[in-house]
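There are two complexes below, and they share chain A, which is joined by chain B in the first and by chain C in the second.
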Partner chain A sequence: MSWLKKAASDTQITHGNRIWLYVFAAIVMILLVVPTLIVIPMSFSDSQYLEFPPSKWSLRWYHEYLDSPKWMRATVKSLQIGTLTMLVATPIGVAAAYALFVSGHKAARLIFMFLITPMIVPVILIAIGAFYVFGQIGINNTVFGIVLAHTALAIPLVMIVTTSALRNYDLNQERVARSLGAPRIKAFFLITLPQIKFSVMTSALLAFLTSFDEVIISIFISGGVNATITKHMFSALRDYIDPTIAAISTILVIVSTVLLLTTQYISSREKKKK
Partner chain B sequence: MANNVNNEPQIESALPITVKNLTKTYGDMYALNNVDVDIKSGEFLTLLGPSGSGKTTLLMAIAGFNRPDSGSIKFGGNEMILTPPHKRDVGMVFQSYALFPHMTVAENVAFPLKLRKVNAAEIKERVATALETVQLGELGNRDIDQLSGGQRQRVALARAFVFKPRILLMDEPLSALDKKLREQMQIELKQLHRQLGVTTVYVTHDQREALTMSDRIAIINGGEIVQIDTPDVIYNSPSNSFVADFIGESTILPLRADASGKLLFENQPISDGPPENMHDNGKGWALVVRPERVFISDESTSGDENVVSFDGIVKEFVFQGDSAFALITVAEKHELSVRFGTNSASFQNALQSGDKISLGLNLSDITIIPGDE
Partner chain C sequence: MLLGFSIPAILVVIAIILIPIGWLFYLSFIGNDGQFTMEHYQKMVEYKSYKRVFFTTFQVSLFTTIICILIGYPLAYFLASLPPRVAGFFMLAVLLPFWTSLLVRTYAWLVLLQKKGILNEFAMNIGLWDTPLKLVHNMTGTLIGMAHIMLPFLVLPLLGSMKKIDKDLMHAAANVGASPSKAFWTVFFPLSISGLVAGSLIVFVLCLGFYVTPAVLGGGRVVMVSTQITAILENQFNWGAASALGVVLLISTLLVLYISSKIFKFDNALFGKK
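Here is the complex of A and B:
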C-alpha cells in the first residue's frame, strides 16, 4: 500500500491521511447520482411494475413509449416549446446582459437583479401567478403561454452566462471597431459576438434545458394537446405506475446529460482560445 | 518641427482640430473645464498629465466616445460634436491594443478597409504596405496570440493608419511595453508620424515620452490645460509650479521682492522684476532650478555677474551611473537637488555628506514662476 504514503498535494499530506475525504466525496456523489441512475435498469425490465433489480430484461417499455401517439405528441410538444424558449430567451437575455454591462448606469444593477428574480423566487409562485394572469388573458394551455413563462425562467441563466463572458472581454475592441468605421451594431456582431459566441451557445442550450426539464409551470398552464412531456409524466405517475415512465426518464436523463456535457465542452473550448 | 506646418503637401493627409470651450462633468467633478486647444494640421500634440487630469477624457471626446456637456470640436472647420465615432474617420490606438483575437494579423489590418468596401486586390496591397511600414511584412498570417507585445503594438498601429485617416489618436499606446522597447518605439512612432504627416494626438503620463515625441505638449491638470508649448519651452520656461514639478526634476525656491521690485533669493538679487508675460497670482514669485543646470563654482566663475552663487552643505550624495545626484542644503532651510555629469576623474574625490560646497547657476538658466504660497 505504498500509494497511501505518497504525497497528495504540495503540502506533505499523504493519500493515507486523506482517505476519509475520498470516502466522504464518494458517498456524496453516490447520493447525488444513484436516485437518477436507478431508473435506467428499471426501464429495461420486462415486469408490469417498477421493479429493482429487474427479474427479466426487455425493451418493451421503450416500444410502449415510442409506439404511443400520446407520448410522442407530448415529446414533440416539449421539443417545440424548448426550442421556441431558446430562440426567444437567448436574444433577449444576451441583449439585456450586454446593455446592462455596457451602460454603467446606476440603475443597471437594479434592473439586473429584477431580471434574475425568476431564478430566486420559488417556481411554484411563478406557476400560480402565470396561471391566474394567463387565465385572465386567455393564454393558458397555449404554446405561446408556456413559452412565455419558460422564457422568464431562462432569461436569468442566459444573462448570467453572458455577463460572465463579457467580463473577460475587452470592450475597447468594440470601441476600436467603431473608430475604424463600424456602426455600433456592426461592431457588436463583427467583433463582440464572435468572441462570446461559445457562452452564447452554452446559454442557449441551458435555456432549452430549462424549458425541456420544467415540470411545475407546465403542470399549471399546459394541458390538452399542448401538454408537455413532463406534465404527462406527472399525470401518468399519479394515475398508474408503469415502467414506461422509467424508459422516458432514461431518455430524458441521457438528453440532459448530453446537452450539459456539450455546454461543458463548449466553455472549455472558449477558455482554451483565451 | 516647423516643417510639419508647411501646408501644400499635407492638406490632403491631415486635418487641424479646433477644440473650444469644451466642458465635461461627472457629477460635480469637472473632467474638462472650458478647454481650448488648436491642433495644427499634421502636428504631433501630446496631452500630458497625471492620472485623472482629464487627458483621456479629452482624447475620447475627440474620438467621439464621450459626449461633452458643452463646447465645440471641429475637424478642419466641420463641427464633430454630434458625429458618431464611426463617421469621424479617426485612427485610434488603445493602451490595451484591442486587437481582434478571432482574426489574423492581416484580417485585423484589413478590417477598416473592408468596412469601407475597398476591393479585395487593393485591400491586399494596402495591408501588405501597412505591415511593411511597421516592419511586420512576414507576419500577416499569424494569429494575434502568437505575437509579442511590441508586435501587437505595431499591428494596432498599422490597423489605425491603413485607411489613411487624417487624424490619429493614441491613448498611452506604449505603456505596456518594457523600457527598452518603449524607447525604441518612441523613435519609430515619431518617424512614422513624419512619414504619414497625419495630425496626431497622443496621451501619456510619461513626461520623458512627451518630450521625446511631441511637436507641442499640452500639460493638463484638473481638467484644464495649464501650459501648451514646444518641449524645449515647456522644459526651460515652465509657466507655473505644477509644470515645473511635473516635467523633469526641479527645485522650487521662494523669492522675495524688495522695495524697488527686485526679486531676491535670500538677499541675493536674481532679477530686476517678475517676467512681463507672467500672470501675477498675488502669491509672490518663485525660482525654478533644474538640477543639471547647477554646477560647482570655482574662481573662474566667482564674481561673474551672469552667475548666481549658492553656498550649501551636502546632505545626500548618490552615484547613479550616468550621473550623480546630490541634495544640498542652501541657506539652512532649502534643499536643492543637483545632478552632476560623471567621469572617472571627478569621482576620485566624491562628495561626502557634510561637505561644504559652492554652487553656481547661469542667469540664462533661471526661470521665475508665480509663487505657491
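Here is the complex of A and C:
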C-alpha cells in the first residue's frame, strides 16, 4: 500500500490522508448509480410484488409490456413526438444561436435571455398555461400541440450547446468564404456547420431526450390515443405499483445510456480532431 | 437581416411561454363570477393551508439544496482531483443518473424505500433497526429522491469551476508554509465558490417548482406549490386560484434569481453569454 504515502495533490497531503474522501466519493457514486440501474434486475422478476433479489426470474413483465396495446401505442407516440421535437427544435435553435452570436446586435443579448426562459420558468406553469391556451384553440391531446410545447423546452438547450461551440470556432473562416463571394447561407452550410457538427448532433440528442423524458407537460396536454409513455408511467406510479413499469424503466435506462455514450463518443471525436 | 433567423425560435417561445403565462396572470385576477378580484391572492395571506404549502415548498427546497452541497462538494472535489484518463469513467456516475428519466429514478426509490423494500430488509438483516421504518410517502422519501435527482445539477457547475482553478496556486500556498487544510480553505474553497453558488441556485430554483418526485414519493403528505396547483385544478377546477399560485411561484423563482445575481454577480456564468 505504498501509494497511500504518495502525494495526492500539490499540498503535502498524501493519498492516505484523504482516504476518507475516496471512501465517501465511492459511497456517493454507488448511491447515484444503484437507484438508476436497480430497475434492470427487478424487471426480470416473476413476482407480482417488487422483491429484490427476485426469487424467480422470468420475462413475464416484458411480455406484459409488449402485449399491451396501451403501452405499445404510448411508446410509439413518445418516439414519434421525441423525433419530431428533435427535427423542429434543432434547426430553429441552431439558427437562433447562430444569428444571435454572429450579429453582435444590441438586442441579441436580450433575445437570448428571452429564448432561454423555458429553462427558468417552472415547468408546472408552462404545463397548465399551455393546457389552458391549447384548450381554447382545441389542440390539447394532439401531436402538434405536444411537439410545440416540447420544442419550447428544447430550444434553450440547443442554443446553449450551439453557442458554446460557436465561441470555440474561428468565425474568420466564414468571413473569408463570404469575402470570396459565398452568400451567408452557403458559407454557413459549407464552412461553419461542418465545424460545429458534433455540438449540433449533441444538441439534437438532448432535444430528443428532453421530449422523450418529459413528464409534467405530457400529463396535462397529452391524452387519448396521443398519450405519451411518461403520462401512463406517472399515473401508474401514483396509483398503484405495476411491475410492468420495471420493464419499461429498463428500456428507458437503455435508451438514455445509449444516448449518453453517443454524446461521450461524439465529444471524444471532437477533441481528437483538435 | 441576420437576427431574422431567430424569429422561429422567438415565435415558439411566445406561443408556449409568453401567451400562456400572460393568460394565467390575467386569470389569477378573475373570480368565479367573471369579475376582477384580488380574492385568490387574499386567500393566500389569510388561509393557514396556503401558508403550510409555501412553508413546505421552501423547506423541501432548502433541505435538498443543503444535502446536495454537503454531499456534492466532496464528490466534485474528488472528481476534480482525478487524472483526466480516469475522470471520464467516474464522471459516468454523475452523468448516467443525469441522463436517465427522473420517472425511472423516482420509481426506483419508491421500490427501494418501501416498507418491505430493499433498504428496510437490509437494515433489519444487519440489525440497524428492528421494525420497518416508514421511509417513503413522507418527507424523508421526498428529500432522498429530490437530493438524488438534484445532485448532478450541483456537481456539474461546481466541477467546472474547480477545474478552472490554477493548481500552482495550491502549490504556492504549500510552499509558503500553509498546511493542507489552510491552503484548501484560504485558496481553493474561495475560488470554487462561484460554481458552488451557481449550482446551489440551480438546485434551489428547480426544487421550488418540482412536481413529479414530491407527488410520487410524498404520497400526498408533502404538499408543495406545484402539487397544490394540480390538486386545485383536479378537484375544484378553479383556474383563478391555481393561476394565482402559479404566479406567486414564478415571481418567487425570478426574485431568487434576481437577488442572487445582484449579490454574486454571476449572471454570466448562469446565462452563458459574454
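Keep this in mind: the second predicted complex is superposed on the first by the 267 of 274 C-alpha atoms of A that agree within 3 Å, B and C clash if a C-alpha of one lies under 4 Å from a C-alpha of the other, contacts with A are read in each partner's own complex, and residues count from 1 in each chain.
Here is the rule we use: a residue touches a chain if its C-beta (ideal position, glycine included) is under 8 Å from a C-beta of that chain, and two chains touch if they have at least 3 such contacts.
Not measured: the values here are computed from a predicted model.
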Superposition on chain A - do chain B and chain C clash or fit: fit
Vertex chain A angle, Cα centres of chain C and chain B, expressed to the nearest 10 degrees: 100
Partner chain(s) touched by A:V200 [first = chain B, second = chain C, both, neither]: neither
Which partner reaches more residues of chain A (counting touched residues only), chain B or chain C: C
First, second, both or neither for A:I241, with chain B first and chain C second: second
Touching partner for A:L157 - first (chain B), second (chain C), both, neither: neither
Which superposed partner A:D170 touches (first chain B, second chain C, both, neither): first
Partner chain in contact with A:Q264 - chain B first, chain C second, else both or neither: second
Chain B versus chain C as contact partner of A:I191, first or second or both or neither: first
Partner chain(s) touched by A:P183 [first = chain B, second = chain C, both, neither]: first
Chain B versus chain C as contact partner of A:L84, first or second or both or neither: neither
Shortest CA-CA distance in Å separating chain B from chain C in the superposed model: 13
Intersection of chain A interface sets (partners chain B, chain C): 184
Residue ranges of chain C in contact with chain A within the complex: 2-6, 8-10, 12-13, 15-17, 19-21, 23-24, 27, 71, 74-75, 77-79, 81, 88, 90, 92-97, 99-112, 114, 116-118, 148, 151-152, 167-168, 170-171, 173-174, 178-180, 183-184, 205, 208-209, 211-212, 215-216, 226, 229-230, 233, 239, 242-243, 246, 249-250, 253-254, 257, 271-273
Residues of chain A that touch chain B when the two form their complex: 170, 172-173, 175-184, 186-187, 191, 194-195, 273
Sites on chain B touched by chain A in the complex: 63-65, 84-86, 88-92, 94, 96, 98-102, 111-112, 115-116, 156, 159-160, 163, 169
Contact set on chain A toward chain C in their complex: 8-13, 17, 21-22, 24-25, 28-29, 31-33, 35-36, 38-39, 42, 49-52, 92-93, 95-96, 98-100, 102-103, 105, 107-109, 111-118, 120-126, 128-130, 132-133, 148-149, 151-152, 155, 159-160, 163-164, 184, 209, 212-213, 215-216, 230, 233-234, 237-238, 241, 245-246, 249, 252-253, 256-257, 259-260, 264
